[in-house]
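In what follows, structures are represented as structure tokens.
Each of the next two complexes has chain A plus one more chain, namely chain B in the first and chain C in the second.
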Partner chain A sequence: MMLKLAIASLWNRKLTVTLTVLSIAVGVFLLLGVEHIRSEAKNSFSKTVSGVDLIVGARTGPLNLLLYSVFHIGNASNNISWQSYREFSQKPEVAWSIPISLGDSHKGYRVVGTSRDFFEHFHYGQKQNLAFKSGRAFDSVYEAVLGAQVAKTLDYQPGQSITLAHGIAKVGFSKHDDKPFIVTGILAPTGTPVDQAVYVSLAGIEAIHINWQGGVHIPGRSIGAEDALKHDLTPKSITAFMVGLNSKISLFSLQREINNYRDEALVGIMPGITLMELWQMIGALENILQLISILVLFATLMGLSTMLLASMKEREREMAVLRAIGAHAGSLFFLIEIEALVVTVTGILVGSTALCIALLTARTELSEQYGLFIGINPFTPLTFQYLLGILAVSFILALLPSISAYRNSLGSGLVVRT
Partner chain B sequence: MKSRIFIPFLSLCLFSAPTLAEKRHHDAHTHGAAELNIVIENDTVLIEFESPAVNLIGFEHKPRNDAQQLELQNALALLNDVDIIASFEKGECRAAETHISGPFDNDDQEGSEQGEPEEHSEFHATYTLSCQNASAIDSVRTQLFDRFPGFEAIRVRWVGSKGQGTALLNNQSTIFSIE
Partner chain C sequence: MTDFDYALDLQNVSFSWHKRQAPVLQIAEWRVEPGRRIFLHGASGSGKSTLLSLISGILVPASGQIKVLGTDLTKIGGMARDLFRARHIGVIFQQFNLLPYLSVEANINLAVKFGKRHGTNHNDIGVLTQRLGLDRSILTHKAGQLSVGQQQRVAVARALINHPELIIADEPTSSLDSDTRDEFMRVLLESAALNRTTVIFVSHDKSLGHYFDQEISLHDLMQAGESKA
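And now, the complex of A and B:
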């Protein structure tokens, strides 16, 4: 009964109420959105690499190395020599190693030169293995394996022939079109940047660059795909490599050895620690964002209270009539409170629906541009706590207009005005 | 004919280039700061501790008088007790092997910089612990801040069965969790 009356009364003031609902929706959108993206980003980053003890690359900042080697964000400052890779990968304490060679692309997706060890030893999430959705790993030089997203977006099947482009521009001018690759397999989705890349063997990367010099294709020095196979396809350098150890006990000493390696400026990073340092670094920023979104929401709830309070003046008569037909002063108090809560709940519904839609539209963009994999369900136990908090705050802020309704309804409303 | 003479020289230059790359190498050394590394695997815990000498004894030259000699002995004795470096509430660990190298015991100096006068000196300590139940370890405490006046910040890096992590300890926070 009371609810019906509240809704009818709100309906009577559609425009103001709609605007208030929208402002609350924006506040809710902001608060839940910030919270969701911050937890999902953390989640997405930390599940990308699992079980890798060390990542080794040319000496640079640990974060930079982690970002370009695993997340394909940014580019390497330098490459490292194949010789150094051999030396460290053959150490007795090293159980396995995965070489990575970056720098080429296919239709905007990164091409990763690696070895078959990648499919065997790379883990993501809770130490999950990579799996093939169809096909198999590459065997020979001109074979490629696609990440799930690449195959889905470009609609490729095993057996498809693809050409790689030199560099990472989406519209590459220089193409390795004299040496096409055959897709042999497609990986199952992982929800990590693995889905966004094309994998070929290191020999394949070497072969397509065999008649290139200084970054351009040398005309007239064309070496066909078949002839290239006769060359020595051992790479001279790679971008980075990942290491798994037999025993973690040797981790710090191996890292020291890599960082103090005198023949080449290398750096070995522990991915888990580098990620944690990243969180510590951006933690303060996150808190500021959260504080801002809480303040925005608070401001919109104040707006709600202001709206109700301002309407009390024009509703003096309505209140008085309600009292006259027998409504208790307490009922008027609750009427206003219910109106406030109805507006807040509607705002929450609109805001979270908008957030779901926004996440749904932005997720492809986020995963392709930033390697961030965001779930579309923003609701966690924490968000429900937030929502309860919002309702409580709106109840408290609506006390002011409600009490005013309770007090003034009879006295001022029935006075005859001229 | 002449050009042939150059080939050996040229190749000498070319082939020695990579080894020249890292001739000038200096480790960082920050007074007040120290590094603590912890690895937990199965029932073994490895603890590595590295600190500029000034944090523990207040000077970085060879002891010049009895008081400084005493200071050095004290520091070495304290380092012998692994619980001061890092202690675990759970896990029931005992020190199995302890290796401490003070800043002035020359036979323990790391090989490379021999002959050069050292500007700085450091303590290195490595402890191997054997535990009854290492997987129960969830937090670690250090007493370094209580026992020595010179520490400002200690950077901890740990590796356990659940992953890797890091913590920055100071006077106020001397406990960190491993999870």
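And now, the complex of A and C:
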């Protein structure tokens, strides 16, 4: 009965109540959103690469190397020579290596030049192998493998012919359209940046750049796709490479060796450690965001309490009527508390729904632009603790108007003095 | 609940709004027999509404005894007083008797719920409103949309729904025009007579006095007490 009464009374004050509900919804949206993205981002970041002991690239900040080699964010400032790669990949302590050559794209998706070792040795998540959803790895020069998301978004099947574009802009203006590639396989989804790329052989990358120099097509020197095969397609340089070791014992000595390499300025990073550094950087920011969102929510709940308190004056008659027909002063206390909780619960529902919708719409954007893979379900046991906390705070803050209703109704008679 | 000699039995009642102030109300003795209809008048600010609040158990006196229908309200707890009021006393104010955002039926039903009279149903409410000269279709209307005269009749319906033995009315006609006022008085007193309900009616309008068994001014009530004391 009190719940019905509370809802009817709130409905009678639709405008202010709606505004309060919306402000609480915004607070809930912020808090849950920050919390969700925080945990999902951490999860998503830490599972992008696994089982890789070292990533080696031209000397640059470790973070930068990690970002462009694994997350496909940003660009390499320099390449490394094929000789350096050969030298390190053939060391006895190295079990396997994956070369990576970046710089081209297909419809906005990065093209990664690599070797078949990539499909065999690259791991993500809990040491999970890459798997083919359909088709097979590339074999010859003009063959390509698609990440799951690329195939899905562009609706490609094996057998599809694609052309690569120079550069990574979504609308590459210089195209390698004289040398089309055939899709031979599509990878199973991984929920990592692997899904967002096109994979071709290093020879393929080399072939499409034969008549190019410094990023520009040299006019008059067109070499057909068939003719290109007659050239030596061994790359002269690559962007980076990943290394797996036979034994972790050699990890630090190899890293030192790479960092002190005389012929070329190289840097070798341990992806796990760099991920953690990245995480710490982002984590500090996210702590601040979380604190802000908690404060915002607190402010909106104070707003709720203020709204209820401000309404007490105009509702004196309502309270007097309820008292006259037999309501206890305590019932009025609970009436106000119930109103506060109804508003809060509605705010929570609106906020969470909005969050789900927002996550659903922002998902593709986040994964394509930032390599962040965010689940669309923001509810975890922790969120429910948060929501209980919000209800508790709302209850406590609503004590003020509730107690005021209680005391007023005890201290005044039947008739409201005007 | 029938074994009482007086519907109302006040002894040495004293009440003040603030602890250190002189009491606004001091009544040495006031007894009202069951079924009597009392017209209480008095100067503005003399304490009529305060007295009704005491009788209905919303306020408690600083000292003295207030026996309503044989129950001493000063001897029972707050919750018990509230339930007692819900079940045995019908209250009608000058205005704003109803929650404007609820339907007429919901307003009346609220009194049923607080009185815990589970037997009362939709039809009882319909019959009662009809008897008070209201159309049944009005039950679904929002109370706030009714005319003042209609609202006051709904207030009577609500006051009567739990079959109270006592009705207290605080200037219920002062916002009505003379025609609706006479109609209101007729409806109220006829309904009260039906169950021999005791009525305490407060008004400034002495022309209404002829409807009642007894007219008394609060001033006299307090004086009577003093001379007796």
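The working rule: the second predicted complex is superposed on the first by the 409 of 418 C-alpha atoms of A that agree within 3 Å, B and C clash if a C-alpha of one lies under 4 Å from a C-alpha of the other, contacts with A are read in each partner's own complex, and residues count from 1 in each chain.
Keep this in mind: a contact is a pair of C-beta atoms (placed from the backbone, for glycine too) under 8 Å apart; a residue touches a chain by one contact, two chains touch by 3 or more.
Quick caveat, the model's predicted, so the values are computed rather than measured.
Q: Who does A:F252 touch here: chain B (first), chain C (second), both, or neither?
A: first
Q: Who does A:M1 touch here: chain B (first), chain C (second), both, or neither?
A: second
Q: For A:A324, is the partner it touches chain B (first), chain C (second), both, or none of the two (neither)?
A: second
Q: Applying the document's definition of touch, where does A:E264 land relative to chain B and chain C: first, second, both, or neither?
A: In the superposed model, A:E264 contacts chain B only, not chain C.
Q: Output check: A:M276 vs chain B and chain C. Expected answer is one of first, second, both, neither. What do you get?
A: Only chain B is touched by A:M276; chain C is not.
Q: Under the stated touch criterion, which partner chain does A:S9 make contact with: chain B (first), chain C (second), both, or neither?
A: After superposing on A, A:S9 lies in contact with chain C but is clear of chain B.
Q: Is A:N78 touching anything from chain B or chain C once the two structures are fitted on A? First, second, both or neither.
A: A:N78 sits against neither chain B nor chain C.
Q: If you lay the two complexes on top of each other, which residues of chain A touch chain B in one and chain C in the other?
A: In the superposed arrangement, which is not itself an observed complex, chain A uses no residue for both chain B and chain C.
Q: Touching residues of chain A toward chain B in the complex: what are they?
A: 50, 53, 247-249, 251-252, 260-265, 270-273, 276-277, 280
Q: Could you pull out which chain C residues touch chain A in their complex?
A: Residues in contact with chain A: 49-50, 52-53, 56, 58-59, 78-79, 82-83, 85-87, 91, 93-94, 96-102, 106, 110-111, 113-115, 158, 170.
Q: Which residues of chain B touch chain A in the complex?
A: 18-19, 21-22, 25, 27, 37, 39, 41, 44, 46, 48, 157, 159, 163-166, 168
Q: Note which residues of chain A are touching chain C in the complex, please.
A: For this pair, the touching residues of chain A are 1, 5, 8-9, 11-12, 317-318, 320-330, 410, 413-416.
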